[in-house]
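Below is the structure I would like to discuss, written out as structure tokens.
We call the chains A, B, C, D, E and F, going by the order they appear; numbering starts again at 1 in every chain.
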Amino acid sequence: MSATATPLAAYAGYKHFITSSPSAGVVHVEINRADKLNAFHEGMWRELGAVFNQLSRDSDVRAIVLSGAGDRAFTAGLDVKAAAEEGSILGGKANLDTARKAARFRRSIEDFQACISAIEKCEKPVICAMHGICLGLAIDIACCADVRLAARDARFAVKEVDIGMAADIGTLSRLPKIVGSASWVKDVCLTARDFNAAEALAQGFVSKVLDDKKAVLAEAFKLAAFISEKSPVAVQGTKELLNHARDHTVEDSLRYTGIWNSAALQTKDLQDALLSNLQRRKPTFEKL
Amino acid sequence: MSATATPLAAYAGYKHFITSSPSAGVVHVEINRADKLNAFHEGMWRELGAVFNQLSRDSDVRAIVLSGAGDRAFTAGLDVKAAAEEGSILGGKANLDTARKAARFRRSIEDFQACISAIEKCEKPVICAMHGICLGLAIDIACCADVRLAARDARFAVKEVDIGMAADIGTLSRLPKIVGSASWVKDVCLTARDFNAAEALAQGFVSKVLDDKKAVLAEAFKLAAFISEKSPVAVQGTKELLNHARDHTVEDSLRYTGIWNSAALQTKDLQDALLSNLQRRKPTFEKL
Amino acid sequence: MSATATPLAAYAGYKHFITSSPSAGVVHVEINRADKLNAFHEGMWRELGAVFNQLSRDSDVRAIVLSGAGDRAFTAGLDVKAAAEEGSILGGKANLDTARKAARFRRSIEDFQACISAIEKCEKPVICAMHGICLGLAIDIACCADVRLAARDARFAVKEVDIGMAADIGTLSRLPKIVGSASWVKDVCLTARDFNAAEALAQGFVSKVLDDKKAVLAEAFKLAAFISEKSPVAVQGTKELLNHARDHTVEDSLRYTGIWNSAALQTKDLQDALLSNLQRRKPTFEKL
Amino acid sequence: MSATATPLAAYAGYKHFITSSPSAGVVHVEINRADKLNAFHEGMWRELGAVFNQLSRDSDVRAIVLSGAGDRAFTAGLDVKAAAEEGSILGGKANLDTARKAARFRRSIEDFQACISAIEKCEKPVICAMHGICLGLAIDIACCADVRLAARDARFAVKEVDIGMAADIGTLSRLPKIVGSASWVKDVCLTARDFNAAEALAQGFVSKVLDDKKAVLAEAFKLAAFISEKSPVAVQGTKELLNHARDHTVEDSLRYTGIWNSAALQTKDLQDALLSNLQRRKPTFEKL
Amino acid sequence: MSATATPLAAYAGYKHFITSSPSAGVVHVEINRADKLNAFHEGMWRELGAVFNQLSRDSDVRAIVLSGAGDRAFTAGLDVKAAAEEGSILGGKANLDTARKAARFRRSIEDFQACISAIEKCEKPVICAMHGICLGLAIDIACCADVRLAARDARFAVKEVDIGMAADIGTLSRLPKIVGSASWVKDVCLTARDFNAAEALAQGFVSKVLDDKKAVLAEAFKLAAFISEKSPVAVQGTKELLNHARDHTVEDSLRYTGIWNSAALQTKDLQDALLSNLQRRKPTFEKL
Amino acid sequence: MSATATPLAAYAGYKHFITSSPSAGVVHVEINRADKLNAFHEGMWRELGAVFNQLSRDSDVRAIVLSGAGDRAFTAGLDVKAAAEEGSILGGKANLDTARKAARFRRSIEDFQACISAIEKCEKPVICAMHGICLGLAIDIACCADVRLAARDARFAVKEVDIGMAADIGTLSRLPKIVGSASWVKDVCLTARDFNAAEALAQGFVSKVLDDKKAVLAEAFKLAAFISEKSPVAVQGTKELLNHARDHTVEDSLRYTGIWNSAALQTKDLQDALLSNLQRRKPTFEKL
């Protein structure tokens, strides 16, 4: 949040995330636990899901920027110590039957996944502005965003293997589908090694690298503002259709697209956009 | 079409596309509306579908090059003015019930998609040689081709968001599956911003950049000629199997491949190719 | 196999592959027909399947390196002469009914595919260290590995079109899913042209290029050793989940991941890894 | 066609099918080759596809009844003698390479399938009224209809195995999905044995059996008339969504349904239907 | 709720549903708006979702019976009058842009579907005991249950077509997958005609018909009690695996089953069940 | 095996299954452990897989009948006592880490599933002739057969829930796809209750009920003999295409069918069958 930004009233109830609006229609969401490198405990990821579910249907919102508070980290990932205490990683103290323990793990993973997936399901574009430490859950989160930007100091790792587990909040499901090289994906996921912003850019994980956190936020705000001035019918349809395409055949995707646009093309935005183009003026579009 | 090329008799009936044969088995299809930057009206995309359906089963044809006539554009995309008049974008003047209007849009999109998909479904490899302005529909078309080459002056944009709509003729369905970086795809689709040939090459959208339109056509003809001398059983099978693989699991794709080759391996081409290899001479293969 | 490596007793029965263990938990498998450029005949690919099926469940094994013996080739692909004599390519001498011949081809392709797929299905990570000639089947094999590394002298080609057939042992099914640019995939598959290590790296087919065969093997051994020291529960789960993700929707993949980890998270490795992290010592993990 | 029915002008150009309109919005399509038991040659199935493609978008049409002319047969299936002469079954006289012959068979099957699938893809409900001989292609055709009714004298068989081939125009793809017992499907498809109307009803292949051809046509006309008085937005949406559901997961189907109805629910038909219900009068709905 | 049943404290907060426990581990949920034929308004379906989400993870619950209060109806479906007032069917009074109205409908349908799907996603088996009027939404709800039982007086209809719309809360997605005859499904969905308990049984929609509401409830309670005495690990796994199978290939389903049971087979229930079998005594199983 | 049948030499090495040939091209496989109600231990299911893999490619075989030896049982299912001793159910005595135990269960289930699936994957039609006790694994096995016949005394149960586990060898994956009523499937799978031959017939699980074991075998032999006289190209293609259809969309299935028949239609069987039909004589077909 820039120093002068005003917190958003509608989102004032959240404890772990600061929301502000750098420009009309743009919301900036900050992970707010800088003293712990923005590491997540259960209360935080549950709240993250709630924030994005609310943003998804908030018609005042047209584009979202997600970043981490403080200088050091986007997020260091799951707060393993907290998770161990809560029992969500080590299974608590209960001396349960294996199958019953499995049911608890399954439910807990399911809830956790659903909260992070809320970013992907959010109807509005989400730009992830990453800097500093970006470990484990940082990658799960970033994979759900639409556009990923990084500061030059960003240091990434799919860290889960190093704590004795396969990543289960989305990285292994999404990362292979958002970059091109399967050999690289296997390399970073199997070794848990670090990779920097330049490597992330070369592999297509992020689409731009900026000098520092300030610059990456500025770029993210600019991009979000640019998108927020376009027709929300067009923008939100584009996000939905691209997400749908990832998981369907081209045939299915074309059919779905046709149905989607059979309503969307009846929007007044189309006329407004066409007319504005002809008149070389900037159109304005109603909320969606 | 090179100045000296002779139009192909079998394709003489088409009004909006010039076809010629730069070398044996190769057909060059040119979008022929240079004075309007090769922008498409309904008559054109319907004809485009017809041309590629005919090429698909024309046994004289082994490889196809698609380009735009004139110096300025591959195509500037849909001729929005014409589309508005035809009613295919703005829904015409009819004061229809919303559901009935939706049915018309759906059918119209379906027909439009089918015509462009004819390029992908064409049994022969299609090389798309792009130069100058390549907007909107240009990307939908290019995504259906097998190989994309660009002149250095090519300027691309997934332009639809700027006219208030999500692209619906194939770009959103295919683009994420033909390049590696999902972050880049979301960026260009959500912003409608331009990208040039160098960026297209870096992202894998095109696989080669040449100096100018002349050079990109020369390269495309060379590549098409090279492919057209190979066994058409091998070449057309390869196209089919790669397209099938995109939309199926590896398991399914392997099974389909086995069935496909259970007939294809009985071709004489295999023997001819093997023998020619041994004898270090160039084999010739029958039409398919 | 490095000069000092000792062949592994459990794998001594194989004729066409040399196995050794460069470090604890790592197995090096060498294609052993250097005098014929490691070209494969039926006995070899059947044995390759057997080797990897055995490695998959051998709890002494945690990571595998696959390479070709000799200086000249990873493998020149299928030994076409042998295949023609065996009848597996040209259909033998039998004057069979076309449908009956097709059944034989289908079964033969199915068996061949299954043997190569054994590398992909192997529960342990497989690193493919490629040098020199890497033609045809070389690509099918490499596509099944998890990480691909190349020596600078590696020369690759999806060669099948040049012998009059579409590749049917996996390249056309997997290659489009392990690199980013569909235009490049179509180019190399339709033309059968060579591409070198630099191009393979730029396209993401391999994730690292080393100076020569010696260096690529050293890097592969180092990487395998690094992986083999991590929790096998975490490592093998990561391979499985990434492979599953490739062929399923994100939704399906998340669900499968949750079920998988509902058992895997009950491992002691998690505690051991966490504790070791805190104590800044290297954990050791039991066999899996 | 009942004796008094008037042929439809818009469909007068078809040679092999008689169309008439037994009541407003209902079209009766009769297979018109009674002297040959309504057996199909290529000209007929190509025309069948054309008829249903035209009906699909003809806004005067709301429900369709398909039956066979004459007393003896719905259809005896493919006219094998004609097919052999045309070369579509026995591959003609051409002494072609096996792979090239396969390509022709594949294209021919594809065209044939597309023509029969036109019945399924037709936007309006199709009621298949079957009597007498219903062999081979009769089943392929019936499987594409929405509702199947039979006269007591109907005699069915999936006859293809008896002419040395697996059915390839749709029966094997659709029959297992429209009846409940896989054991029964395998039985009738592997043996090519006859089954009668009672068995067809018991297995759910048809949903009603009537006394004779006259009665089955009367029932079909009544059902079609009943459907044609309902909102075409509701009816055609219902057909589309049920067809979509067959080939998709429940999750996908729900999502598609939501998109579809986001436009369809904006129809005036909904208000008209609700109001008519309250006022206990029969609503009328505009064409779609 | 039988007269003597005690309402469940944990579910006392719900207004529209009465919950009680006819026997240990069994919960009876009653739709509680008998004076309006149990017709649903938005508050009710939102609460229904909440009830089943809570039941899903309530370890005191092992089997659930769902029925409608009063003598006349399971439910008459959506309360159309209320829906029209709320704007969820007729789109409210707002004079919105078509695309924006579509977005509201889409979100509203999505929420509605999610609440009804909660029955299907509930981890515990749900037995639907139906009597009297069962229209529209009644079918959507019943399709989500595991076992459907009916009283002889039950009268069913997929009623939506009669109010000018295609059913969109699940019937069209699920009904074709839970009965055998597609012809019957199309018939009842396209005509909106009534069908009675005998027809529902013959078509496999319900698996048993009882004399009256009292008898159907008694049977449902007996069945639920029977199931609730079995291992919940076995029972809930069986429900999950059957639901998964419906939407996946056999191959995928087998793989998922193996992973699921790799944890579930480690349960003590297995030993307890085996031992009890040997000792011919009734085992008791811990909560899950 | 009828008293006079001669054991088949090629299958003499199997210990747990008796094979004989009741007529040319037909093989009868008997589960041979009558004294233990044909209950399966690991050696048996491994051998069952081997038998069917061999039958699949044995060109002397055209149809298969599977039954259980003795008067009392088709099979009582898994020999739970043996399984407990082998450790395949109770996980053995090893005091293993949960994740490592899970890996063993997973591999063991995978192997077990693969052996039973061999019946489904067998290229030749398999008729399952069931009598007496048919519990647990009996259903898994029967679900893999093509046609199921039962003696009147057959008593079926999906018994697994009663030993504290969800069935994992295929019943839950296949049963919902081979009968029509999901309510019935859930009922029998959740309760583990018995059902008799009449109920199995009514639900479509079996397609015929005969008086006793002798009659069911006679019927199975007759059916197998009838099928074995037809073109094996047609018969085996039909089995393959029906199995493929179950797990694919109609669109995919049609495409696969076209490819399959592009080779199969080149068979001489087609001409032979057509000619024999004309000449009203019985054709004979070569082995496949």
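Keep this in mind: a residue touches a chain if its C-beta (ideal position, glycine included) is under 8 Å from a C-beta of that chain, and two chains touch if they have at least 3 such contacts.
Predicted model, so just to flag it, every value in this text is computed and none were measured.
Enquirer: Compute the shortest path length in steps from subunit C to subunit F over the network of touching chains.
Expert: When the steps are counted carefully, the minimum from subunit C to subunit F is 1.
Enquirer: Between B-D and C-E, which chain pair is linked by the larger number of C-beta contacts?
Expert: B-D is joined by more C-beta pairs in contact.
Enquirer: Given that subunit D and subunit E are copies of one sequence and touch, is their interface built from the same residue numbers on both sides (over half shared) or different ones?
Expert: Shared-number fraction below one half, so different.
Enquirer: Could you check which of C-F, B-C or C-E has the same interface as A-D, with more than half of the contact pairs identical by residue number?
Expert: Repeat interface, by the over-half criterion: C-E.
Enquirer: Quote the value, from 0 to 180 degrees and to the nearest 5, of the angle by which the CA atoms of subunit A must be rotated to coincide with those of subunit C.
Expert: Roughly 120 degrees of rotation.
Enquirer: Taking each chain's centre as the mean position of its Cα atoms, how many Å separate subunit A from subunit F?
Expert: Roughly 49 Å, centre to centre.
Enquirer: Averaging over Cα atoms per chain, report the distance between subunit A and subunit B in Å.
Expert: The computed centroid separation for subunit A versus subunit B comes out at 34 Å.
Enquirer: Show the residues in subunit C shared as contacts by 2 or more other chains, in ascending order.
Expert: If we look for residues of subunit C contacting two or more partner chains, we find 98, 102-103, 177, 179-181, 203-204, 233, 246, 248, 251, 259-260, 262-267, 269.
Enquirer: Using the touch rule from the top, collect the residues of subunit E that touch subunit F in their complex.
Expert: Spelled out, the residues of subunit E in touch with subunit F are 125, 146-148, 177-181, 203-207, 223, 226-227, 230-231, 233-235, 237-242, 245-246, 249-251, 253-254, 257-267, 269-274, 277, 283, 285.
Enquirer: Which part of subunit F faces subunit E closely enough to touch in the complex?
Expert: The contact residues of subunit F facing subunit E are 80, 84, 89-91, 98, 101-103, 105-106, 109-110, 113, 117, 120, 160-168, 170, 172-174, 176-177, 179-187, 189-192, 203-204, 246-248.
Enquirer: If we count contacts the way the header does, which residues on subunit B are in touch with subunit D in the complex?
Expert: So the residues of subunit B in touch with subunit D come to 57, 97-100, 102-103, 107, 233, 236, 263-269, 286-288.
Enquirer: How about subunit F: which of its residues touch subunit B in the complex?
Expert: Against subunit B, the touching part of subunit F is residues 248, 252, 256, 259-260, 262-263, 266.
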